[in-house]
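Which chain is which? They are A, B, C and D, in the order written, and residues in each are numbered from 1.
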Amino acid sequence: MVKCSIIGASGYTGAELANLVEQHPQMTLKAIYVSERSADADTELGTLHRRYLGQLNLPLTPLATADVAKAAEGVDLVFLATDHKVSVALAPGLLETGVTVMDLSGGFRFDTAAPYDQFYGFTHDSPEWLEQAVYGLAEWNAAEISHAQLVAVPGCYPTASLLALKPLQEAGLLKAETTPVINAVSGVSGAGRKASMVNSFCEVSYNPYGVLNHRHQPEIALHLGNSVIFTPHLGNFPRGIVATITAQLADGVTAAAIDQAYDHAYAGKPAVRLYNQLSPGHWPSIGGVANTPYCDIGWKADLESGHIVIGSAIDNLLKGAASQAIQCANIRFGLTNYPISKKAAL
Amino acid sequence: MVKCSIIGASGYTGAELANLVEQHPQMTLKAIYVSERSADADTELGTLHRRYLGQLNLPLTPLATADVAKAAEGVDLVFLATDHKVSVALAPGLLETGVTVMDLSGGFRFDTAAPYDQFYGFTHDSPEWLEQAVYGLAEWNAAEISHAQLVAVPGCYPTASLLALKPLQEAGLLKAETTPVINAVSGVSGAGRKASMVNSFCEVSYNPYGVLNHRHQPEIALHLGNSVIFTPHLGNFPRGIVATITAQLADGVTAAAIDQAYDHAYAGKPAVRLYNQLSPGHWPSIGGVANTPYCDIGWKADLESGHIVIGSAIDNLLKGAASQAIQCANIRFGLTNYPISKKAAL
Amino acid sequence: MVKCSIIGASGYTGAELANLVEQHPQMTLKAIYVSERSADADTELGTLHRRYLGQLNLPLTPLATADVAKAAEGVDLVFLATDHKVSVALAPGLLETGVTVMDLSGGFRFDTAAPYDQFYGFTHDSPEWLEQAVYGLAEWNAAEISHAQLVAVPGCYPTASLLALKPLQEAGLLKAETTPVINAVSGVSGAGRKASMVNSFCEVSYNPYGVLNHRHQPEIALHLGNSVIFTPHLGNFPRGIVATITAQLADGVTAAAIDQAYDHAYAGKPAVRLYNQLSPGHWPSIGGVANTPYCDIGWKADLESGHIVIGSAIDNLLKGAASQAIQCANIRFGLTNYPISKKAAL
Amino acid sequence: MVKCSIIGASGYTGAELANLVEQHPQMTLKAIYVSERSADADTELGTLHRRYLGQLNLPLTPLATADVAKAAEGVDLVFLATDHKVSVALAPGLLETGVTVMDLSGGFRFDTAAPYDQFYGFTHDSPEWLEQAVYGLAEWNAAEISHAQLVAVPGCYPTASLLALKPLQEAGLLKAETTPVINAVSGVSGAGRKASMVNSFCEVSYNPYGVLNHRHQPEIALHLGNSVIFTPHLGNFPRGIVATITAQLADGVTAAAIDQAYDHAYAGKPAVRLYNQLSPGHWPSIGGVANTPYCDIGWKADLESGHIVIGSAIDNLLKGAASQAIQCANIRFGLTNYPISKKAAL
């Protein structure tokens, strides 16, 4: 049994993560923490997220930044489900104890400090850990994840976007010097658990936001190895992301080559479901992925004009956060692939 | 043209009211006000409620309590779309100028001060105006409204409940010494325009609240003249209320007597639509009333056991607030019955 | 391992059931069937319900009524997730083979045939099985369920209503000769998986239906042992039920007596969560139970007037159907209490 | 008063149109028709669309194709809110009577017959009327609309897309030989009023559909004068469209030039609201346009890389259908610009 603790468990992602760890046949959840200033301190997690009432009974233990090493005591793995700046502040103190850290924030997803000044509005003071952190895109970086001490679990939009584009990019099927266009919509939980007018029920409808300056655009570009235009939208549903991607194909690319690229990338990787194989005629949807650990991908090309449109869907709280963190932990500690294979776990 | 101003126009009700006044063929909107401490001061209303962008261009003028009489200058009618305590603080200063006031809060809906201590948590300091205020249930109190200086526009739940129950109560069709049971659900706009966890998109689902101690229970009981059990629910939709009411009938009541009671109450009153006449086989619904000024009522009785179930639906922001205030103003100033009759208004 | 088959697996309830059986550590799903006339015949279940794509890969085998005994071959337990009339037609042929049957329809929930003529519109031709069938309200009828051959799994509305009312009724806390009033709202999946105008996205809002003649009213009354007024509502959400119940208490009932009645009924029964203990100050909600196997119950009384209001919430597809069927199967075959205790199952 | 009739008034668009005509200060609604085979024949419109109960009391008169000229008797203008093939079958018989026809279907939106074989699956048998029909994009084609006998009111997606792109295209600001990418989401009412699994409440979530072969792609391309990649999505809301468009700018284009292009196109055209002027910092949204006759447009450019992202929102049933048809009728008959200017109408 891998012993785990979670810092920042009061949010939507943290609660999902606590639930997955609790149910994982090879993990034990030892403690969950919140900031010592949090109004949720000492509350049982199930009381905050009543879906888990009577089931997730650990209290949210208040934790001061100075005492962060306590969260590493007696555990093999600490999950950080904290804000970017908090993760950057806490991670070094944890890592020094030798514990493995999975960070679900954006705090370690870049390999240099510069993007933090530009896109996150703070100066990153642990550039040495930026170098060591492994980007936890589970289907692509398993070898590195398997011996990483610090894994930067990818953002929700980047997960949906990269899993759709990387097979084509890596296989050389995209036209050189063109820029894929990514339009994506996220459920409101993507904005976190907090009171705000923007997330208020009567104010949410559907609209673009963060146009041409969202911090996930450089994250996608870096890990894809290509520029992208990324436009996020707020959707009127609680959870899930659909990314619709339009790209130009290199000359002469065939449908068979595209299929082969996806097969090659995801054969034996059951968290990615290829719709053109499994459910031809349908497209990935929020309904198909909400409350699941899957990334669903479908595509269609106009070979004459050389355009491809790819649909990619995930649950932002699971494959876009908590279940991808579990996938990384499974790889790191050699565990069964729960939650994909529930009975195989036995 | 009746000249109007609105205090508290930044909220959902205030914006609906401003729109109705702007479109009313016999009204002119002279000014709209917010608290001098409001973050929305000096903003154009259409920028806050972008449905009205380019259409409601008046700025939200900041108004100090001490200067409230300014809101009465040059107008015939002031609408108060403010919080209960604010209305109680502002109304006397307005009324002293001789202007007519329509208050959409709960500040003047009781005829004595005692309920304010018990249900609103503050001591009412204008008991003389409680006596003079007329309860603005338009279909029932037109005679008094027609010469009132202060109208207390009913609450949203009370409007839906009273319009459904009063015809039976007044006709003596309810069993003596029994207590009708009112279950009602409201859209989230009923909680007002503000950031809060309870109104946060991901937290809203459907649940009862305020059980056995909601302030609308005594308001309904007072104006019905009977005790009631009132249980409100929060629904996952932006606007609208459905009240489902179960009551016991007096011995020997017939279906014809019930029909006659409703006909008698609402013949010639087009804001109430009787489904058993207009659309037999259907029941009032949120979809039928959202964005309309109507109250829809349907009923079915089990004459053997002597039970009746009544369904009553309104838009909480319109018939439950803004359009009922307009109805009262129409009665008070002898105007056409806009917004029910749009062309007749010409 | 208990070997199972499911007839009628194409609907929403059937799919949930298939998923639970697949994940149950002590069950094996051998086959799933649909009517031989179904358009879904030979389709893989995961293709219909793409949430389960790649996970529920059994094809929907077409089954003729005459061949129903085939569904019992090689299995210990057959679940019927079929329409009422279909269940009545199929069950006898299955039971004759000696197999155990869990029927999720209303086909065997009454103990006499008369209600079928009155409320279901057909004449029940297996009155002998009506007598033998056990009503599968798991928390109340475990002793009988443990050796039943035919279990009639309760309806969704009756489950929410009976679990809330029976503790009071059995403890003699309800006032004699009064009729509890049950108002309940169900998500749209309660109407089944089919194309209809009523279930069409743009037509669904929130409204009462089936007033004073819904077939669940006599089902609740029979198994409660008291008359009830039951008014169902259609809600604008996919799954979940909240029942709000208003009843009169017997003279002198105390809050402690009510708490004791609920404790007595549900101590050691983890599928029922008592909010007054676990989460005081909150009320059961759709968000708290959707996608869970729980029934959440909260209450508040006005001891002066002798009224109690009880809130009760379930997922209509789980505790109101599929997971309650699994609970019954666990009792019948002596299995672990999956899906409540996921790890305990190991 | 312009006398009007509507054929196909039972659908969502038809009902909106009937309501607008009824409220128009210079129009009279003489009759509404449905197919003689429709189940809605002889029903009052308000009974089908209960929002309008008691308000739209005309019955849906059954009309045989052979008798279509009857719909032109005594009226100046016939609106066709019928299916594409039905419009093509009915329009010639109406036009021969000399009446003016506004067709809300796709039946006359192309100038040649070929696209009907390819994209609509039928052979168009009135090519002479395709030549004469004017495309009713009100802000762009007013001169031609003002003396047209047949107006082809644009599709909902094309309206949102063309109003956003044409100012740039006409001003020469788009890079030559590049293809704008249009991603758009529509509310479910866009699929019409009918029972289907796809529109069923529990099946609707959010997903792309019709990828690279939707009939609105060639409609947009034709009336823009440029190729486009158009990907529609189904959204989980009843009404409204948001189109997000990514395009490449010609070399050296400045922000001022873009602003000037939009100002030039829409100055004095109040149905288009330019967010960069009216509400800087916000983006067009469903909430901002639902139940309104507006098209809201906002944009942001990355002048360094030469990309522009434009957001464009409309109500698919109003500016995407019914209110645009009214705009065309206002232009054709020289009427006031209701429903934009409500009081100006007086």
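One rule holds for everything that comes next: a residue touches a chain if its C-beta (ideal position, glycine included) is under 8 Å from a C-beta of that chain, and two chains touch if they have at least 3 such contacts.
Each chain and its UniProt protein: A, B, C, D = N-acetyl-gamma-glutamyl-phosphate reductase.
None of the values given here were measured: they were computed from a predicted structure.
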Worksheet, complete the sentence: Comparing C-D with A-D, the busier interface by C-beta pairs is A-D
Item to complete: Quick one: point me to the chain whose Cα centre is farthest from that of chain B.
Response: A
Fill in: Centroid spacing, where centroids are CA-atom means, of chain C and chain D in whole angstrom
46
Worksheet item: If you average the CA atoms of chain A and of chain D, how far apart do the two points sit, in angstrom?
Response: 39
Response to the item:
Residue numbers in chain C touching two or more further chains are 204, 236, 285, 287-288, 290
Worksheet, complete the sentence: In their shared complex, chain B is touched by residues of chain D numbered 22-23, 25, 46-47, 50-51, 53-54, 270, 273, 278-279, 282, 285, 287-292, 294, 296, 342-343, 346
Practice prompt. Would you mind writing out the residues of chain B in touch with chain A in their complex?
Written response: 12, 188-189, 193-197, 199-202, 204, 236, 238-239
Discussion item. Quick check on the complex: what are the chain A residues that touch chain D?
Written reply: 179, 181, 183, 185, 203-209, 211-212, 227, 229, 231, 233, 235-237, 240, 242, 244, 246, 283-288, 290, 300-302, 305, 307, 309, 311, 313
